[in-house]
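There are two complexes below, and they share chain A, which is joined by chain B in the first and by chain C in the second.
Up next, the complex of A and B:
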């Protein structure tokens, strides 16, 4: 199994390396989003004596710069990819293989991450130079962060796989995906650090998987979380991966029976 | 002078007839724009729950900016972007031969061929948001303000078109232009906020490199009585320069095109 993952990841690295220019276009488009949030909240903080809800411009900068790295880690096989996969009969070949298809997606995207993060580092350096974040981390923060970004990756893989499998049942999954994306934007800490949200939103977020894919990994590095909350957070990530994994397993068995391909 | 308009109108009717066959897409477009409008309004509420003004702009004024951004987004998605995406694809596949052999100006043809009328939902949504914003403004917008606004909005649309044409013309040199749309969409979101909040380097880039400030903030200034004569003149001058540049660049690119059969 480990062998399989290593080989898949190596192949993904090789193929991603070929498309550096395209990857850069994508990355620059992606960086626009956090830069906008950062500028808006920095402007507000400045006009309110240097902070909003206790967050200073430097801390906002740290939050949104780490955000970009976490966002990179959060890119997984999307539901739109599923539409293509099912429409074009791509799944037929995958079904013949001995391993569950999810392993191919996890390994493939995990390999791509290596290149994406490497290409992203100059952008992060540029952002750091421009926005001057304040960051003060302990070794434990760094360790937890590196585990947590992979936890976030797995949670999001499971969630989007579940959404993607809706395509087995309907061809109009787009509305569901977009609603999911909206909920994620508001409840994950992608839009703003959750402290800025009203209390009831924070309460709702703590019962949902979203915040463990954005807010927790970012806060692990830039926030001042206690050891208990750091390890507790990793525990929550494991819980959500397990829940997602179970649902994927069950839903997959039900869904794949509905699959039929023509002419492959 | 009227000929380009006639051709544009002809292609518009053709595109509309085509699109009318796919009525379900209307519901899809409607759902998408309602959802993104909802998110935008939530963000606006969130921002103004922590402050009363953003760099001197009140909530109603920012509602105007948001309306203009959505409206202009609708114009881009309905009329500009589909043409430019098709252009990039055709350059890559060598299919640009077809418009080039027609006895009309090639730039005109590649700019008017596609029309996604369902995206006009965004134009309507933007206009509604803008109206709500205007009604809530402290001051009344006079007829002069509306005239300036309309003129500047048209200039802005022309500038965005020129910018997209320059981007798409890049396809003559660089074959792999994936993610071009993502890149533009990402940058376009900056227009949701008044340009003045961005740091200098970004403000200049969003004015002269990507003309988002001219397309959104400047028309919004006309509505919110912040407009200065200098800005209007700069916008007009820059539109002329950009149009000339994009035309020159397009011709330069065209010379590199070798076609599929050549």
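Up next, the complex of A and C:
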């Protein structure tokens, strides 16, 4: 399996390098969202005596600059892509191989992220120069952050795979996908740091997987979390990966039984 | 996994029924379908049975919509049968066990399964990792297949830059790197030019000879079937109409031969010899019962001034057409 993952990641890197300009433009486009949040929140913070809910402009800058990397790490195969995958015959091709298709997706996207991370670094440097983030990290913060961004990637892979399997039962899964995306937007820390949300939202977020895909990895680096919180967060990620993995395993066999191998 | 049967492929009363939505055209029908969806059961494969032994190359023939591809998809594990059973290399395909998937390949003509932006060699390397082929075995097999198909100059180009025929050849190589024992080939020469079709046919024959691979081949090009298959299975409306030698197919469904005769006087009436199919100047084509071909030929030679005479079996395309037409009439 390690051989497959290394080979697939290498293949993904090679593919990504075929479209260097497109990849860079895509990353530059990705910066727009966090910069908008950053400008809005730092403006609000400055007009409210220099902070909002205890978060200073420098801390907002740190949050959203790290957010950009975490956002890229969170990109996985979209549930909307399942219909295309079935129609183009890609799923049939994968089902003919002695390998669960999820490994293909995990390795493929993981390989692409190696390029994205490398291209992100100069972007992060530019944003740091402009927005002057407040960042005071320990070696443990960095290590946990590095592990947590991959944990976030795996949680989101499992969750969106589960969502995508809805396609085997209905061609009208778009509404379900949208509901999930909205919940994720509000409860993950993607829209705003969770400290700024009402208490009941923060409580709800603690019981759901979304927080562990965005907020936790970011806070691991910028949030001055205690060792207990850092390790507890990693434990929660492992739990959500396991839960997602179990559901994927449970539903996959039933999904494949319904597969009618239409398309090419 | 049960003990391996002598047959590589064993199909017993295999059926597949699809539930397909159906509605009339128009806006009213579209709105009505929001509340009440009408479904129709389509029996794509209807209780078929056959066995294929190790190393056999069998043609699987039928018109469009006959159930050929559905059958191949069930045999390769892509589709669950509705009823009946299929066993390939002793495995139940629907279980999709890893050892089963390593033992088979399904090649569909005009389908792209390789990495679009990368040279084929990179995709071959990925297939090696997926199928866990040992490095030495992989290199030997890859080089053998590249040599057989003469694609050494193509494997370093991105797949997107290859022509259709070139892409088909590299796709075939990618599908065989793990040395499958059973090959399901679904119209592998579709859309290819005559030269490329011949090349693919020779390759399949050579691969079968070298590796004793079992091949189940569908094709609408009878030249593929005639070149490769001694045995054919004919399917129509999901049912097996015929399973046997290609020659026996002709005997059973087309009990006639054609006599192509060049006469000194091509205008003479020839109805007493057989059915006149075609007249072209002094050349006349007659259809005669198979058993009477020799005596009628002798009569033509004895009674008329004949410049040239040939007796031919009916083209396999005509035989297949007759098979389908007979069953449609029934």
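One rule holds for everything that comes next: the second predicted complex is superposed on the first by the 261 of 264 C-alpha atoms of A that agree within 3 Å, B and C clash if a C-alpha of one lies under 4 Å from a C-alpha of the other, contacts with A are read in each partner's own complex, and residues count from 1 in each chain.
Heads up, the rule we're going with is that a contact is a pair of C-beta atoms (placed from the backbone, for glycine too) under 8 Å apart; a residue touches a chain by one contact, two chains touch by 3 or more.
The structure presented is a predicted model; accordingly, all values stated were derived computationally and were not measured.
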item: First (chain B), second (chain C), both or neither touched by A:7; value: second
item: Comparing the two partners chain B and chain C, which touches a greater set of residues in chain A; value: B
item: Touching partner for A:228 - first (chain B), second (chain C), both, neither; value: neither
item: Which of chain B and chain C A:89 touches, first, second, both or neither; value: second
item: First (chain B), second (chain C), both or neither touched by A:98; value: second
item: Where chain A meets both chain C and chain B, residue numbers; value: 19
item: Chain B residues touching chain A - in the complex, by the definition given at the top; value: 28, 31-32, 35, 38-39, 42-43, 46-47, 49-51, 53-55, 174, 176, 178-180, 182-187, 189-190, 192-193, 197-199, 201-202
item: Residues on chain A engaged by chain C in the complex (per definition of touch); value: 3-4, 6-8, 11, 14-15, 18-19, 89, 92-93, 95-99, 256-257, 259-261, 264
item: Complex interface listing, chain C residues touching chain A; value: 18, 73, 76-80, 96, 98-99, 101-102, 104-106, 108, 111, 113, 115, 117-118, 122-123, 125-126, 128-132, 158
item: Interfacial residue positions of chain A with respect to chain B in the complex; value: 19, 21-23, 25-26, 28-33, 35-36, 39-40, 43-44, 47-48, 52-53, 130, 172, 174-175, 178-179, 182, 185-186, 191-192, 196-198
